[in-house]
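Chain nomenclature is as follows: A, B, C and D, assigned in order of appearance, with residue numbering initiated at 1 for each chain independently.
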Amino acid sequence: MSVSNMLENWSKFRHMHPVDDKPHEEYKWAMAIDLDACSGCNACSVACYAENNLPVVGKQKFDAGQQMHWMRIERYWDDDGREFPDQGAQFMPMLCQQCEAAPCETVCPVGATNHTADGLNSQVYNRCIGSRYCSANCPFKVRYFNWYDYPTTDNVWPAEMTQQLNPDVTVRGKGVMEKCTFCVQRLERAKNNARTEGRLVHDGEVQTACQQACPTSAITFGNLVEPESKVAKKWAHQQVELAAKDVQAKDEQEGGSDLRGYRIFEELRAYPSVMYLERVRESAI
Amino acid sequence: MEKDIRESIEWAKINGDVLKSLESPRPLFWVILVIALSMFGVGLGCEIYQYQIGMGVANLNNPQVWGLYIATFIFWIGMSHSGTLLSAILHLMHADWRKPIYRFAEAMTTFSLMTAGLFVMVHLGRLWQFYYAIPYPSERWVWPNFQSPLLWDAMAIFTYLSSSVIFLFIGMIPDLAICRDHLHPGWRKSLYTVLSLGWEGTDRQWRNFRMTYLTVACFLIPLAVSVHSIVASDFAMSQQPGWHVTSFPPYFVAGALYSGCAAIITLFVILRYVFKFEEYMTLPILKKIVRLTFAIAMVWTYLNAVEFASVWYSHDEASKAVLIQKATGIYAPFWWMMNFCGSVVPFVMMIKRLQTNIPVMFAVSLLLNLGMWLERWMIVSPTFSHGYYPYLWDNNQWPTLVQWGIVFGSFGWFTLLFMGFCKLFPSVSMYEVKEMVYHRSLALKHTERNLAVNATELAEKGAH
Amino acid sequence: MIENSFNRRDFLKVLGWGGTAVALSGCGNTSIQDGVETVVSYVEPPEYAIPGISVYFNSTCAQCDAGCNITGRLREGRVLKLEGNPNSVINHGKLCGLGQAGVQAHYNPDRVREPLLRNGDKGEVIAWDKALGLINEKLSGVKGDEIAFLTGGLSGHVKVLLNNYLEALGSKNHYAYEAVSPSVVRAANKKAYGVEMPRLRLDKAKVVVSFGADFLGAWVSPVNFSQQYAKFRKADENGRGVLVQIESKMTLTGANADRWIVIRPGTEGILALGIVNALGASGVSLPADVAAVSKAYSSERVSKDTGVPAEQIEKLAALLKERSPSLVITGSAAEGYAHGSQNAAAIALLNRVLGNIGKTIEAPANVPFPQVAVTTGNRSSVQALNDSLANGKIKVLFSYGTNPVFTAPTALKFKENLGKVPFKIAFAHYLDETSREADLVLPLDSALEDWGTSVPEYLGEASQLSIQQPLMEKLHPNTKGLGDILLALLKQRREKEYKDYEDFYSYLRSAVVKNKSALGGSGEDDDTFWTNTLSNGIVPFSASSNNLSAKSSAAGLVLPPPADENSGYPLHLIPSVTASLRDGRHANQPWLQESPDPLTTIVWDSWVELHPKTAAKLGIVEGDIVEVTSRSGSVKAQAYLFPGIHPDAVSIPLGNGHVALGRWAKDVGVNAFGILDQVVDKETGELALNETRVKISKTGKRVFIVKDEGAVGGSQAGVKIAVRVSTDDVELSGEV
Amino acid sequence: MSQHHILALFNNFNEAEAAVSELRSSTIKGFNFDDLTMKSPIEHPEVESVLGERSANVQWFTLFGALFGGITAFALIAGSQGNFFSQLKGGKPIIPIPPDLVLTYEMFILGGVYITVLGFLVCAGLPARRSKLYSAKVSEDQIGLLVKVDQAAVVTIKSIFTKHQALEIQEEAGK
C-alpha cells in the first residue's frame, strides 16, 4: 500500500538528486564539446536528422521559427564593432544539455519528462500532452515542439523517404515536445549488449550520431561514472564538477582559471551534462 | 446622500420585479445573446481548425511556446475573483449594500472560471490526452507530476470552480423556492421545484443555512487568494527572467480583484438596463463599487511599481533586459497602454460627478479590463521573446488570427453563459434584498424614535 | 577464356588493368548469385539478416569527388544511415553532412524511374532494350568524332568501360566537366611540385597559411582535411597549430582561422610575394630567382595593393619564420582570376622559400593502374565541348553526372548549342536542367543501389580502389547502373570481348578477382578474396608514391596590378561554394536545404553577401531584395549584411536557383552561375570564377530572411555562451 | 387521538413573535412547543430568542471535512509519488514537501466545502418532502407559524393566532 511504502522509505524519497551523495550508480552519460576543434560544418546536425527521424519543415515553417533541429550550430561574431571578423566566427553546437537539475522536469504537469538513472533528461512522447511548460522553462531553448503533424505533412517524408526512417526511434506526431536524447536508442542497445555479457558498457563502445559524424572529433561522449573514460578524464582535467554545490571551485580562485572547460549558465545551477571547451585564438598573429 | 435602496419597497414588488426579469427582459437582451453566440461561433471555428492542423496555425514557435491563450487564461481566472470578494469578503464585513449585486458577481465567478478552463484545453498540444493531468489510479501507477505548478493550477481551479458553483447554488435556494411558488406552471416551475430542494423557509432551514453560508464564505476567501497565487507561481516558480519574481502572487491577486471589480461595473450597467433593475442596482451602490475599484486599482499600481523596482534594483541582468525590452521593444505600445489603462484611467473614478455617471463608468470599466488583459499578455510574451538565450531572441513572432479568434470567441462564450444564467435564475437575490430592506427599515424606525424622544425632552427643558 | 581470340593486352584493357604489370590469376567463372547475396533479399533471408538487428555494408560515398569510404546501416533490407568507414584512410569513420545526405539522394522521390524518350516536350516511357537499340541505331553512320561523352570527374571501372566504349565508337571526345573543381591550382601544382595534388600535411604543420582554400568546407577532401585540422589544433609536441586564412570572402575555413586577413580581390599573389619579400628582409635566404621577383614587393606597396596592413604582413612573415614547418595552401579564391595561375605560382613560391616541400607538402601515393585512375573534371572542357556544339560538330552526345545547362555561364549559350545536337542521351538520376534537354533519358541506379569502383581524387596516406556496392535492393525496378548500361552498349560493339560478363557485377568481380595478386590477395581463393574485398569496401594499391620535384620557379612570374576600380560595375562578384550545395547537384536533398549555411545561418534560399559598410553606402539593409547585375546577366536575391567580406566584393552562394531537379530544389533561390562573365585564366583557359564585376541596385522589395540566428544576429548580447580565449590566458599542455 | 396541522400566516414578524411567545408561556394540553415551526421569507436571527436554542451542527461537518480532505490529499499525493520512481526530478526529492503542501491546502478547502454542504443538507433536512401546510405567501412577505396539535388544543391555538391578527389560518386533519 502506497502510504506504508511512503513511510518505510521516507528517507530515500527525500534524497535530493544530484546534490546529495552518489547521484549515479553505473552510468552518467555526459559530453564534452571542444569549441576550438569545432569547425561549424553542420555534419552533426545532419547526422542527427538522419538518426532521429527529424522532420524537414521547409522554408515557411522554418521562417515561423518552427524548425526541429535538435542539434543546432550557432554562429557568433565579435561584439566589439570591429570592421572585419579578423579572428573568425565562433561556432556553438547547441543541443539539450541533459541538465542534472533540469528546469524542464519539475514543471511538466504529467511527468512526461523525467530524470533517468543514468543521468539523462528523458522525454516520454506518449505521455506528453503538449502544455509546453518544459520549453517555457528551458534556459537553452533546446526543446522542439511538433507544431504540426509532420508524418502526414506534404514533402516531409514523401513516398520512399519513409523507408529511411530509423525504426529504433519513434516518429513523433502532432502536439508532443521533443529534444535531443543523447541518442538514447544507441545507449540502450549498448547497455543491453553489455548486460547480456555481464559487464558495463566500456568507453567508446557507444557513440552519439553527432559525435560519430563530427569530422574534427570535437565531441567527446561517454560515461562520467567511469573515471577512465575519455569524457571523465576531460571533465576532471578541466576541473568541471557535475554537481558543483554553488559555483565551480576553479572559478573561485582569483585571476580565474586557465583551463578551458565551462558550462553555459552555470549560475542557474541546472548542472548541465555538456561541458564546452573554450575556443582558443593565437595571440602571436 | 441618497439611499442605496428604498426601505419602503413592497416585498411582493421585489419578488415581482425579479421574477419579471426571468420572463420579459428588454429586447437588448436578445441582441446581446445573438452577438455572443456569433462570437462564440468564431472562436469555435478557430479551435476546430487548430485542433485539426496543429498548434502551428496559432503561429507559436520556439521560443514563443505560450501565447495569448495563457495570457487570456490568467485574465479569466482573475475576472473570477470579484464574485468571491463581493459575496464572501463583504458578507463577512456585513456590508449589506452588496446584497442586490452579489448574485451576478458570483455567477460571473463561475462562468469566467469555466472560460478560463477552456483556455487550458485550447492551449494543449494534445487536447485529446488532457486527462493525463488528472490523478486517476491506473494499473501502471502512473500519476501526474504533483510538482508542476500547472497541476496545482488544475487542482486549484477545480476546487475554486466547484466551491463557487456550490456557493452560488446554496445562496440561491431560497430564491429558487420563491420562483417555485410564484411562477406559472411549466418546465421552469418544475425545474425550480427540483432545485429548491423543498425549501420552505422554516427556522431550522434558515439556521443551518446561515451557518453554512458563513463557513463556505470563510473557505472561499483563502481559496480565492490561493488560486491566483498559484496561477502566479506558474511564472514565479519558473526560472525565466521577468517571471521569477517574488512579488508575483500578491501582484496577481490584486490584479485579479481589480479586473473583477471592473467587470462587475460593466455587468452592473448592462444588467441594470437589460433587466430593468434600476430599483435595486442603484447609483449609490454603483458609487460604492467604483470607490472600491479605485482603491484596488491603487493597490495594483503599487504592486506593479514594486515589481518593476525589485527587478530594476536587483542585479539580475536578464530580468532587467526583459523589463527594458517591455518598455522599449516591440511590445512597448501595449506595455505603456497597460500602464495607462491600469494606473491612470482609474483616476477618472476619483471625480465625484462621474462616479455615478453610467456611460463614463461603463467606458472606464472596459478600459480597465483592457489594461488588465494587456497586463497578462505583457507578463507572458516579452519573457519569451527575450529570454536567457540571445540566439533565440525572437521579435517577429506574432499571434495569428486563429489565436485572436479564440480569444475573441471566449468573450462570446462567457457572455452566452452569463446572460443565459440571468435569464434562467434570479440575478438579484430577492430574499437578501428583503433582508436589506427589512433591517434598514428597522434601523430607520429606531433612529426616528430616538429623534422623537430627544425632541420631547428638549421641549420639556424649554418649558422649565 | 583461353580460347578468347583477342590478346592479353586487350584483355587487360577490358578489365581496366592496362598499362601495368598485372599478375592474372586463372578466371574462376562468376555468377550473379554472388552478387545478390550481398543484397538483403527477404524471399530467403540470409542468416545475418535478423529483423531488428542492424547490418552494415561498406561502400563509397558518391556525393562529392573526395570519395569517402562509407558504411551503410541496414535494417530489414533498408539502408537507414550512412556512417564513415572506420578503416578508411580518407575519412577514418567520419562523414560530412553532404555525405550523410546520400540516403536522401537514394530515396529521393524525384528520381527518374523509367527510360524516357522525348516526344515534343514530353518524355515517353520506353523499354530498355528499345532504348539501347535506339542508341545503336542513332550511332550507326555517325563518325567517331561526331560522338561526344560529357561527364564529371570519373574513375574506376565505369571510366574503363566508358573509355573502351568511346574507343569502340572511335571517338576521342570525352569531356570531363566539374564546375567548381580546383583545376587551376592543379595545373599550378603540377608546375610547382610536379604533381597535380600533393599530399598536404596539415597535421605536421605548425602554421597553415591558406589563400582562400576552404579545406574544412568544400575544398578537395574536406573530411580528410578536417581530421588533420583537429590534430593540427591539438596542443601536442608541435604545439597548437596556427591557421591564417587570406581571402576576400570568408569561407568556413576562414571562420575558423586564428587570423582572418581580408584582401582586395585578385591580389593574393601580390601578398604572397610581399610575404616572401618580408621573409627575405627578416633574414630568410631567398633563392636568386625568387629574390629577383619578390624584391619589388615591399610591404608598403603590397599593403597599398592588397589592403592588408604592412605590420600584418611583417607579423605573418615573422610567425612563418619562427614556426617551421608551415604549410601554404592555394585555394579557389586565389585561382579564380584571369591571372589565377600566376597567383597560384606566386603562392607556391612561399612553400619553396619556407622549405615546406617534402615536409608538409608530400608526394601523394600514386595509382598503379592509369586506366582506373581519376580523370579530374575541369571547366575548360565544357567550353571546348560548347565550341564543337556551336558549330554542329557533334551528332550524338552522351551526358552523365554533370549539369552544364545549370552551371555553365549563360554567356556560353550552352543550352542553345545543345539544341543543335540531333540526338542527346542523358544518364540521369534526376531530370535536371541538362537531362531535361536530352532526347533519351536513361534512369540510373542510385549510388546505394549500384556497383562500381572508384579512386579518390585526393590521395592522402595511400592510394586505393574504393568499392561501391549495393546497400539494398533497387527501389525502382527499371533503373540501371551506369556500368550495366555501358556494358550493354559495349556488347553492341564488341560482343566477343564482353560476352562473358552477364552484367557489370560479374564484370567487376572478375576484374578485381583476376588481379587479386596485384591487389594484395595472392594466395587467397577468388571467393574469399572477393568477399573480403566487399566487406572491406577498400582495395589498397601497393603504394609506390611518386616523387615531388621542387621545381617551382619564379622565372617569368608577372602579376598584374590590382584590378582598377570599374565605375560601371564597381563590385567583384565572388560566387561562394558552400559545403552542402557545392555546384548544386544535391540541391534536391532536403537535409542540405534545411541545414543552415554555417556562416549566415540562412536556409532554403540564396542571398547576396554585402559588407555592412558597402550596404550602408548603397542604403541597403538586411532583407532588401537587390538586383545584382553583371555584363552577362542579373539576378534578384535578398541582401544579407556580412562582416566577413571585402567591401569591394559581394558574394552569392552557388547551387540554388534550379528550374528543375525536384520538389525541394525547384524555384529555391537564384543561380549565380548564370551571371558569370566568360573570363578565363590565361594559362589554363579555365573559367575564372571570381572575375565577374557587378553592380547592385535595390528593387524596393524587402523580406524577412529565413535564417536560424535570432533577432540579435551573431551577438551574444553580453551573455557567456560561446567563449573565446587567447593563447596567453590558457594552459593547453596536458589536455586530454 | 388524531393530530391536526395548523398554519397561521402573519403580516409581519412582530405579530408572529407575539403569537409565539404567548404559545410558549401558556401551557396548552395536547400541544408541544417543539412542534412549532416558523416559516419566514427572510432569515430572522432574532427568532431564536423566542423559539429558544435549537441545534445547528454544520460546523462539525466542516471540521471533519477539512481535516479529512487535507490528510487524504497528503497521503495520496506523497504516497503516489513514492510509488512512482521513474518520476525523479533532477534537483528535487521524490517527495517534495512544498508542492505537496500546496495541494494539501487545496484539498483541505475542497473537503471542507463539500462536507459542509453535505452537513447543511443533513442538518436542514434537505431535500425535504413538502410539508402538509404551506403558503406561497411565506416566500413572499408573510410569516407562517405551523403547529402540530391534538384535536383538543386546536380551538385554543386558533384563538391565540386570531388574537394576534393572523391573516389566515389553514387547518388540516392528520392522523
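Details
Just so it is clear, a contact is a pair of C-beta atoms (placed from the backbone, for glycine too) under 8 Å apart; a residue touches a chain by one contact, two chains touch by 3 or more.
In this text the structure is predicted, and so the values were computed from the model without any measurement.
Common neighbours of subunit A and subunit D, by the contact definition above: B. Comparing the centres of all chains, each the average of its CA atoms, the largest separation from subunit B belongs to C.
Ranked by C-beta contact pairs, the top interface belongs to chains A-C. With centres defined as mean CA coordinates, subunit B is found 44 Å away from subunit A. Between the Cα centres of subunit C and subunit D there is a gap of 92 Å. With centres set at the average Cα position, the gap from subunit B to subunit C is 69 Å. If each chain is reduced to the centroid of its CA atoms, subunit A and subunit C end up 34 Å from each other. Counting only residues that touch two or more partner chains, subunit B has 142-143, 145, 147, 151, 388-389, 391-392, 394. In subunit A, 67, 74, 92, 106, 111, 270 are the positions where the chain touches two or more neighbouring chains simultaneously. Residues of subunit C found to touch two or more other chains are 704, 709, 715-718, 721. Contact topology of the protein chains: irregular, matching none of line, ring, star or complete. Applying the touch definition to every pair of chains gives A-B, A-C, A-D, B-C, B-D. Listing the residues of subunit A that touch subunit D in their complex gives 1-3, 5-6, 9-10, 12-19, 99-102, 105-106, 111, 114-116, 121, 269-271.
Within the complex, the subunit B residues that touch subunit D are 10-12, 15, 135, 141-143, 145-147, 151-152, 155-156, 158-159, 162-163, 166-167, 170, 173-174, 177-178, 180-182, 197-212, 215-216, 219-220, 222-223, 226, 230, 431-432, 434-435, 438. Residues of subunit C that touch subunit B in their complex: 704, 709-712, 715-719, 721. Against subunit B, the residues of subunit A that register as touching in their complex are 61, 64-67, 74, 92, 94, 103, 106-111, 127-133, 135-137, 139-141, 143-149, 174-177, 265, 268, 270. Within the complex formed with subunit C, the subunit B residues making contact are 317-318, 321, 385, 388-396.
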